[in-house]
Structures are given as C-alpha cells and as structure tokens.
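Each of the next two complexes has chain A plus one more chain, namely chain B in the first and chain C in the second.
The block that comes next holds the complex of A and B.
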C-alpha cells in the first residue's frame, strides 16, 4: 500500500475563488423540466453552483486565489520555490498551465512550475506531491493550486451539467522545523476504470472526434465511491493509529449528499464533523476539498488547531486519503471574481 | 400496507416509476434510475423496512426482481 509521511511542512493558508455567477438548480428550466430539477436537487443536495463566465478558466480562478493568498500572507514572490497546478482544465495544449501562472504571479525562474492532470482526488495527490518535493529539495515555500472548470467540460444537457460547479483554490505551504504533526497520505489508482470518467476526443489518440465532453459512467463511479473510499479511510486510520475522535474535520470530495452519507455511515463518523459544501457550490472536483476546509475554518471560532482528514475519488479512477494539521492562525478566505486573463495583451480583465 | 406494497411504493416515490412497468424494471431502464435515483431508492427501502443494506447489496441491486431477492437476506418477505 502506498502510504507516506511528510515531515516538517505546514499549511499557512487556503483561499478559494469562485466565479461571480451563481446559478440555482431550480432555475435551470431552460434545459430540464421542473420535476426533474426537483428530483435532482433532492437526490444530490445541490441547490446551486457557481459557473465560470464566458472567458473565465480554472487557471484564472486559481490565479485570483493565489494573488489574494500571497498578499495576505505578505510573502515575497521570490520566496516561492514551487507551484503545482492540478486540474483537468488546462489553458493550452502546451505549455503547462503552471508556467503561465508562474508568469502571471510574478514568481521567480527559480520556482519549479508543473501541472498534474487530476480531478476529485487532486488535493490529496497534490499535498503528497508538493510535500514530498519540499522535503527533498531546498524549496521553503510552495503553492498548490487546485481548480476546475467543469461547467464547460460536461454536456450541459446531462445531469452532470447540474452537478458540477467551478472554482479555483490556492494553498500555501512552508517548510517548518517546528511542525507539530506530519502529513500522512495514502494514494491509489485503478487504471482499469480509465473509461469510467472519460473525455475521449481532443487528445492525440482521437484529435478530431466530437465526443469532447467528459462522460461519467455513474455505475462504476458510484460503486467505487461507496466501496473503496470507506475501505481506504479505515485502512488509513488504522495504519496511522488515528481515532475517529482525533479528527476535527472530515473534508471529503463533494460527490453527492447520499454518497457522503454512506461514507459517514460505514466509517461510523460523526456527521457534524463532515460538512457539505456541494449544497451551495456543487461538485467542484479538484477544488472541493480546499473549499470544505476553508469554509470550515471561516465558520469556526478562532483559538484551536484543526486536525483534518481529507479524502477524494475521481477521474482515473484515482483516490486517496490524507491527514493534515492546521495551526489556529492559518489563513482562510473565500471570494467571488469576474476576472480572467487576456493573453493577447498579457493582462487581467474584469468581465462586465 | 403489505411489504410488497411498501416495496413497490419505494420505487414509485424514489424513481417516479410507473407502477405498470415495475415488474421488469432494471437499473438505468429509465432515466430516473441512475446513480442518484439509486441512492434515493435505497434510502426509501431502508426507511420502509427499518434495515441497513450492505455495500455489496446496494451495488448488486440491479433490478426490481433482484431487489426482492436481496431484501430476503434482511428477513423482508415480499
């Protein structure tokens, strides 16, 4: 089992940028009938999503989140040694979106910049990857950017068009010799299920096809969600000797309310420690877990550290579990934005 | 209400299914019986019969008829 432990790395802040375009499920009568919308809302718990504006991309949301975070932390741009962008939404076929973000954020050429292509498991994989990189290099500060622009990737006439919302997040990490607790992780992948969440066309194998919407085989994903996720959470907790009461916040990917309900039931978790953000924001894929954490920190009374257990499953199929310790002074923020990048003029523009 | 009536009512409530098609209904035969509808159906059945279904049974619950077989494991006679 690929379990891992990262020492001496602490999280300093999480910011989330949401598109300033909230769409209510019950109002989508242009594409769905009212009965269907009611059933969807009751079945998933999703009452609204935030959807990117016409020219807004996932990287634009991550950029806004990172700008706000760096400014709040007061971190010098030159001090950032690594930037990892994780998403299924990329600006161009080449180069990596992380390179564009490194430029836009004004980071140094000595800042490692790379992309990882993942969905709902992004945050767990991202923490493991960036933490491992920090532990084995001179990098002292790093940015993990997880975002998604699913509303433009799925068929708007399918129920996926109702389920997915868009968001961009930034997490700041710093080497910390005094970190009280390590980051633990467990990462898993079942490539046999690579067609379970699938965008067939547009890549090199099928460059000219028309099936470029992401299609989800709900049977496979559903079965995986309720079978593998609880199993992995329990194995993870046993491996690292974590008791249920030790955890202050269970930050899960936001698949749907009933799937999360099952995970709570089978893992015997206290429901009050498993918040749902999909109600307002839908399934924001790569951004889901940081949104859950930031929302919880913003709602929490200050003065205590927060021990988080995070888990996500998505495209791959890949899934993972991690636990992190957040100090009581960790920054959290969430805001809406209409900004996007005008690459012809190399500037940020606010949509009307 | 008999157990069979409760069983049928769960399909009608959770999936908005027409009572006349229930006997031959399979998972995904109607658009309402997708993964979201499936979880709603399981929730209805668990409430109606005061049971808690195992993961494998929820996944194997592939049709109206198969569901009757599975419920017997929970001592629900239809």
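The block that comes next holds the complex of A and C.
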C-alpha cells in the first residue's frame, strides 16, 4: 500500500482566488425549470457557484492566489525552488501551464516547474509530490497551485453545469527542520474506471470528435466513492495511529453533500469538524480541499495549531488521504478577482 | 415493512407522488429516475435498511418492483 511520510516540510500559507461572478442555482432558469433546480439544490447542497469570466482560466486564478500569497509572506521570488500546477484545466497543449506561471510570477530560472493532470484528488497528490521533491532536493520553498475551470469543461446544459464551480489556490511550503509533525499520505488509483469521469475527444486519441465535455457517470462514482474513501481513511488512520479526536479539521473534496454525509457516517466522524464549502462554491474539484482549509482557518479563533486530515477522490479514478499539521501562524486568505492573462501583450487584464 | 410503505419511500426518493408508481413500471419510463434519484436511493438503503448497494447491482434493477426487492 503506497503510504508515505514527509519530514521537515511545513505549510506557511494558503490563498484562494475565486472568480468575481457568483451564480445562484435557483436563478439558472434560463436552462432548467424551477422545480428541477430546487430538486438539484436539495439533492447536492449546492446553492451557488463562482464561474470564471469569459477569458478567465484556472491558471489565472492560481496566479492571483500565488501573487497575493508571496506578497503576504514577503518571500523573495528567487527563493522559490519549485512550482507544481495541478488541474484538469491547462492553458495550452504545450508547454506546461506551470512554465507560464513561473514566468508570470517572475520566479527564478532555478525553479522546478511542472504540471500534474488531476481533479478532486489533486491536493493530496500535490502535497505528497511536492513534499517528496523538497525532501530529496535543495529546494527550500515551493508553491503548490491547485485550480479548476470546470464551468468551461462540462456541458452547461447538464446538471454538471450547476454542480461545478471554479477556483484557484496557492499553498506555500517551506523546508522546516523544526516541523512539529510530518506529512503522511496514502495515494491510490483505479484506472479500470478511467471512463467514469471522461472527456473523450480533443486529445491525441480522438482529436477531432465533439465529445470534449467532461462527462461523469455520477452513480458509478458515487457508489465507488462511498465505499473506497471511508475504507482508505480508516486504513490511513490505523496505519499512522491517528485517533478521531486528534484531528481538528476533516478537509474533504466537495463532490456533493451526500458523499460527505456517507464518509461521516462510515468513518464515525464528528460532523462539526467536517465543513462544507460546496454550499457556496459548488464542487471546485482540485481547489476544494485548500478552500475548505482556508475557510476553516479564517473562521477559527487564532492561537491554536490545526491538525488536518484531507481526502479527495476524482478523475482517474484517483484518490488519497493525507494529514498535515498547520501552525497557528499559518496564513490563510480568500478573495474574488476579475483578472486574466492577455498572452499577446504579456500582461494581466481586469475584465470590466 | 409493507410494500405500500416501501413504495412511499421510493416515491420520496424520486420526488414523485406515490400514486404515480406501480411495481411493474419500467424505470426507464420514469423521468425522475435519474442520477439524483439513484444517489438518494443508495443513501436511503444505507440509512433505512443498513444495506450497501453497488452501481452494477443498481443498474441491474429494471422495474420499480426490482427496487422494492432491494429494500429489505
């Protein structure tokens, strides 16, 4: 079983950027009838989402989040040794979006920059990957950027168009010999189910087809999730001897209210430690877990450390569990933005 | 539990009136038997009957009567 432990790496801050375009589920009467919208809202818990503006991409939101985070931390751009961008939304077929972000953020050439293609499991995979990279290299500071632009990837006329929201997040990590607690992780994949969340066309295998919207076999994924995620969480907690009371915050991917309800039930978790952000922001896929963490930190009374257990399952199918220890002075921030990148003029533009 | 009671629960899961359902009705003919209703059904089975059903098992249900058969 691929369990892992990362020593001497601490999280210093999480910033979340949301598109300044909040859309309420009940107002989508242009595409759905009112009764259907009410039923959807009751069935999923999603009352609104933030959707990217016409020219805004996931990388734009991640850029804004990273820019704000670096400024708040007062970190020199030259000090960042790695940037990993994880998403299902990429700017170009080539190069990696991480390279574009490295340029836009003004980071040094002495910086590892790479993309990982993941959805709801992104944050757990990202922490494991970037933490491992830091532990085995000279990199002292790193940025993990997780974002999604699902509103442009799914069919807007399907209920997926109501479920998914867009967001970009940035997490700052630093090598820390005095880190109080290691990062643990468990990563899993079931590629037999690769068609369960699937955008068939537009890649090299089917370049000219028209099925380029991401389609989810929601019942299959739901049934799989409520079986596998609780099982993995319990195995993870047993392996690392973590008791339920040790955890201050259970930060789960925000698939829908019912999935989270099943995880609470099967893992016997205290519901008050399992916040929902999907109510306001929908399923923000790769960005969900950092949004849950940042929201919780912002709502929390300062002065205590926070032990987080995170878990996400998504496209792949791919899922994982991690626990992280956040020091009481860790930064958290969340804001809305209308900014996007104009690549012709190499500048950031604010949409009217 | 009586079949009438189960039928009421099923109607609730689908968001329809109980009078709109009968045991021999094909699920494909019920507009409200969609992914939301399927998820509601899985949750209801778990909560009320302490029973976990996989997606394959659910797909093999073709009629309202087949769903009622799972509710035990």
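In this text, the second predicted complex is superposed on the first by the 352 of 352 C-alpha atoms of A that agree within 3 Å, B and C clash if a C-alpha of one lies under 4 Å from a C-alpha of the other, contacts with A are read in each partner's own complex, and residues count from 1 in each chain.
The working rule: a residue touches a chain if its C-beta (ideal position, glycine included) is under 8 Å from a C-beta of that chain, and two chains touch if they have at least 3 such contacts.
Values in this document were obtained by computation on a predicted structure and should not be read as measured data.
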First, second, both or neither for A:195, with chain B first and chain C second: neither
Contacts of A:219 with chain B and chain C, given as first, second, both or neither: both
Touched partner set for A:258, first chain B, second chain C, both or neither: both
First (chain B), second (chain C), both or neither touched by A:227: both
Chain B versus chain C as contact partner of A:40, first or second or both or neither: both
Chain A positions touched by chain B in one structure and by chain C in the second: 39-40, 43-44, 159, 218-219, 222-223, 226-227, 256, 258, 262, 265
Chain A-touching residues of chain C, taken from the complex the two chains share: 15, 35-36, 38-40, 42-43, 46, 52-55, 58-59
Contact set on chain A toward chain C in their complex: 39-40, 43-44, 159, 217-220, 222-224, 226-227, 256, 258, 261-262, 265
Partner chain A, residues of chain B touching it in the complex: 16, 27-28, 32, 34-40, 43, 52, 55-56, 58-59
Chain A to chain B touching residues, read off their complex: 35, 39-40, 42-44, 159, 218-219, 221-223, 226-227, 230, 256, 258-259, 262, 265-266
